[in-house]
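Structure first, then comments.
Here the chain labels run A, B, C, D and E in written order, and each chain numbers its own residues starting at 1.
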């Protein structure tokens, strides 16, 4: 009976803990961050958190922003919408953050968007896909996005690129993962391609947990595709490519460059595997890259430095936002700051990231294409920054 | 005039009362008052947790009726919630249907799915049945994903807050009270059900189906009725879920959700509505309790990544601990604590008590 | 032709995964829902060992085998042993909880990054033309060969060795087996060990073939229909069932729609349950018992 | 005795996976009589009961209740016809109280539907109270008062059997099949059981087919006896006649019958 | 009470078994089995015989039963609540009432399954000869599955697999169940032979008291979980009550008919 009573007391104490949220120092910029460190797709989102950790450790070590430290309240939502929703509510009502962020599966977006709208607090997506509401011309006043992905825009760059690259008759294969985001983009790419007079040979949507990609690759190969375009989570893109190669497919492959792309290019060492994206690779070795690498090594980040760019950019943007937010900060002031952001990303992207009142995505999206070059035994740029205006 | 030295029932009707004693009435009234006044001092975060519990409770009670009372296993619970949510989403998007259309239609969809996927229960038992209902999950999710993709709702279908007449149910407090009323209805409905003819038939089938059939219970139709009722209730919960969250997306209905519901009824204690309530509160709040404990510990930011992984494991570990050491569930602990106070200062139950 | 090879490789993978489901179920009437996690961990074992040993595939694999086997024993002795006599549902839920625990541990130890053990083993996953128009990768071959070997060894053991015989006896009637002097714990642990080993092997080959990440566990769930179609308690039933399901899946990819391949196994499962609820080779009494 | 025939079995044979369990058994039960079915272990007595109550389906032969053909009916349909049974091992619903166990017995006599049950509206309450009264009568009849709200799981074996009997009685059957009701009872419990059986026989007047091992009980109580041995009927008739039939004594008491083969 | 000779092999004291933490099955049974004897434990269905045997042979986790009170001693060692395989290795082997053979294994395989206590002393071949010596029938059906055997063959196979374990004490539950009188006689005699030749002690649990007392050296009567009577076979056979209840041969006239039970004991109604 003693043990059982103890059990009850522990339960009661934990329950009380729910009500007692720790008080934060009043002089910090409070930012909420709900991220999928565990659970589905956490491989993409956890590095963002990793980058934020080291970035703001530095910022705070420098004395913070405008003389105030930045306090990130980081919560793990394990990619579950209900947890993301609860976190958002907690950030806004209990912690009184001035802005909150999301880096998780797209299913967590809507509940957080709801909170942002309802409580009129800006929400900043630092994770994967940008929701429609951030695009111009009528961007939602509370939603912002700095991520590399640009649904609909990516394919607008990719399909013409493939058309230009292809020598001889082009037969385009399309690969998506069977999740609405990915399939939507690939359907869009199919229309684009058809509009440009490209023959689409085969389109596959691969169910998320697939033990064997070979059957899907077989389908693409037997359809006679000599170029394949994939816009899906990285695992799906690269595994489809590998499966195609294992089948002896000789064509070329263009995939969206996720954070893992650089490492995998070096691993696969395949001359016909092209990746495109809006973030510069560490192969560029700019000053900024050296800096990130140095800090990452020094702080012993959990994820390799090559995967930190995405998070680093978001962190730079956040720093810029907070810089423009005069003390004492309010969501209102943050919003004002966010509507006139121009961040020089120092080579991490093709140009500055600019937010305006009507465009919370970026005014210009710069794309670059990389691939492995076995002659040079390194990653080379196939096509340098090409701007694509976002309107 | 003599006073009765205890509580006596004089009619069979009074023996049927749910709330049997005066003191129980007082407890209930205090609980109700607490529930009524809770929204007026709770933060929006706590309100959200309360609403989450209320939402989950409908599904948990439905599953309890099916598994805890009728003895049928199902792994398709998340699929049923998804079915309700997608019915709502499709009706809302395609026909701009109001809640008084979507809610019953969701229930109907659930009922139809219940019949379809209850049919294997006539031939299958236990694990076989559980695994065949897994197909329900995958098929519903597949259909949902197809709808989302075909209609171009890449990041999920957004649904507006429902309105009943002139009232727009958007405020968490309004949600709270709406859900509270629905929950109370569901709880009372279930309690009534399990103490009357239908419930007894279910329990008879669960305990000994051969004997039940020999007593004239149509085993097949009762199994089906359990599936239909559960599915309908669950789908209704799915509809409310869609409205409360304001969006529907296939990624939100993973198998993990099914497992959470199973955990609710088993940790709560199978075969008890009270157990479903306890289990729901426990399972819904557990991650946040661990969260809060982590907050109190003030783990350095650098280590939080590890803390999150540990937190994720802890959910599994706590489930294991419960299943291994407390098979009768939270309701078992509750009975022991209650007995302890009732019997105090004596240690043992008098003989002859059950 | 390629389609046939694809079916064979996929069926081999399913066989390898489902072997464990059946072994554990036959021995202790528990359906192990943490099987996918055991598989993933097998892959991670190989990854860790490969990094530690570096470019030594034979030793790496052997060590990873031992780890997987040991994991199975540990799971039995420290967890499942306590579930004897509990309801089937509770036992199954324990394995579910174990799965959650293991997934958390995987993220904790190995993070959520994509991993590629092949890099560290110093091996190539090249492809080989076996017949005109059909190609198979090295690890595809490895998958098929190890499946054949595993099943062959298991069948021979069950048929001709004393412990195999006793394992069958334990599966059929644990009480009588125990009364005939067989220590159940040992045989249950053995079945968990072999199950963890076989599924870990699947995980290792899978990791070499197409990389490793924590989400791999879902493949374990995808193999479910195979076990049910074959009959939960029938090891021999797994093989035809795996072929049927793999065939259905691959034909769907090719002739219906690739995304529908997700539900194809379940359609097979449901049609199977309508015709023979106890599976292809399962015993009818089995159905009554569970 | 009223000679109206209640139950007719006509050439019942039963094969289960190749094993001949019952072999062309014909017998009849007259209205209101207490018909004992005896025979050594494995003679097929319980199988015969299972055939009547629809749990097994006879391979050949017919079963009629009054003029109604019963072959092929499902157990619950047979229950609705008015044939109740008890089980050798009571088979109570373990997690339910005695009261609820008995109320399950009232199932076919109640007709409130699911929704009305859930809302506990007028009809349900009326029904619950009315049937509760009837069940209380059975509790009174079988002297189960002190176990009313106990869980079936913890009851002494003898009491479980009596509850099983009560559950069958609650169905208000016209024919009652008793499967070794006295098994596992001591003398005192058997005396009680005998009393209950007699009361059912004379007061309520239900036809009973009674599988029994205890020869004394059979000898004292039964009106008529049917004897089975290895799936064959070897004797049928008035109690005294059957018990003195040398063939029965041989089969039953296990004295070597080499002469007969 | 006549004291049997020889040293005590097995002694049970005030045994109490609880199933599922609630229902008590056996209440305070006490008896003992002496070396080299055949002891019969008689009683009707549900009297607690099988539970007693199961308690001696050990419970498994799957049974959800345990010995809560009392003592089971085998050669002076406490063995209650030990797992069955442990007890088998101590030399107590049970031939259960049902599920006595592995139905999906052949007869040969059934014999091989048993873990032998005398592994060091006898090779597998010796066992085979031994078994064929007692049960020549099994040699003919060696390749048949256990499930397809007749009742008698099944019982013989069960006895054989138990013998392979090399028991000191053989527990036999309902040897006669479902068997014809001739085969019962045959088996009973075989048990006696085996006892003599193999130095085995036998505890026989039977409903068929007549057959059991034929070969037993000592007998106990168990009723409602209690030993109500004990003695050597003659004493049991000649006791009026035993005759009445278990041998079915009491003089019916002398005993009270169930019809004549005084109804007023509990109720004030008379019937019949």
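Worth pointing out:
The criterion applied here is as follows: contacts are C-beta pairs under 8 Å (C-beta built on N, C-alpha and C of every residue); 3 or more make two chains touch, one makes a residue touch a chain.
The shown structure was predicted, so the numbers you read here are calculated from the model rather than taken from an experiment.
Between subunit C and subunit E, the least number of touch steps comes to 1. Chains making contact with subunit C as well as with subunit D: B, E. Using the mean of the Cα atoms as each chain's centre, the chain most removed from subunit B is E. For subunit C, the chain with the farthest CA centroid is D. Comparing the chain pairs D-E and B-C, the larger number of C-beta pairs in contact belongs to B-C. Chain centres here are Cα means. That of subunit B falls 33 Å from that of subunit C.
Each chain gets a centre from the mean of its Cα atoms; for subunit B and subunit D, those two points are 41 Å apart.
Inter-chain centre distance (subunit A to subunit C, centres taken as mean C-alpha positions): 34 Å. Taking the mean of the C-alpha atoms as each chain's centre, subunit A and subunit E sit 73 Å apart. In subunit E, no residue touches at least two other chains.
Of all residues in subunit C, those touching 2 or more other chains are 103-104, 107, 111, 221, 259, 262, listed in ascending order. Within subunit D, residues 151, 154 each touch two or more of the remaining chains.
By the document's touch criterion, interfaces exist between A-B, A-C, B-C, B-D, C-E, D-E. Across the complex, subunit C is touched by residues 37-38, 40-43, 46, 178, 183, 204-216, 218-219, 221-222, 234-235, 238-239, 242-243, 245-248, 260, 264, 267, 302-304, 307 of subunit A. Residue ranges on subunit B touching subunit A, taken from their complex, read 43-49, 52, 145, 148-149, 152-156, 158, 170, 245-247, 249-252, 254, 256, 285, 287-293, 295-296, 298, 301-302, 304-305, 308-309, 311-312, 333, 336-337, 340, 347.
The touching residues of subunit A, when paired with subunit B in their complex, are 1, 4-5, 7-8, 14-15, 17-22, 37-40, 46, 49-50, 53, 57, 72, 74-76, 78-83, 85-86, 89-90, 92-94, 105-107, 109-111, 114, 118-119, 129, 131-132, 151, 178-181, 183-185, 187, 205, 299, 302. Per the touch definition, subunit B reaches subunit D in the complex via residues 11-13, 15-16, 189-190, 192-193, 196-201, 203-204, 206-208, 210-219, 225, 229, 271, 352, 354.
Those residues of subunit C whose C-beta lies close enough to touch subunit B in the complex are 31, 79, 82-83, 86, 88-90, 92-94, 96-105, 107-108, 111, 221, 224-225, 227-228, 232, 259-260, 262-263, 266-267, 269-270, 273-274, 277-278, 287-288, 290.
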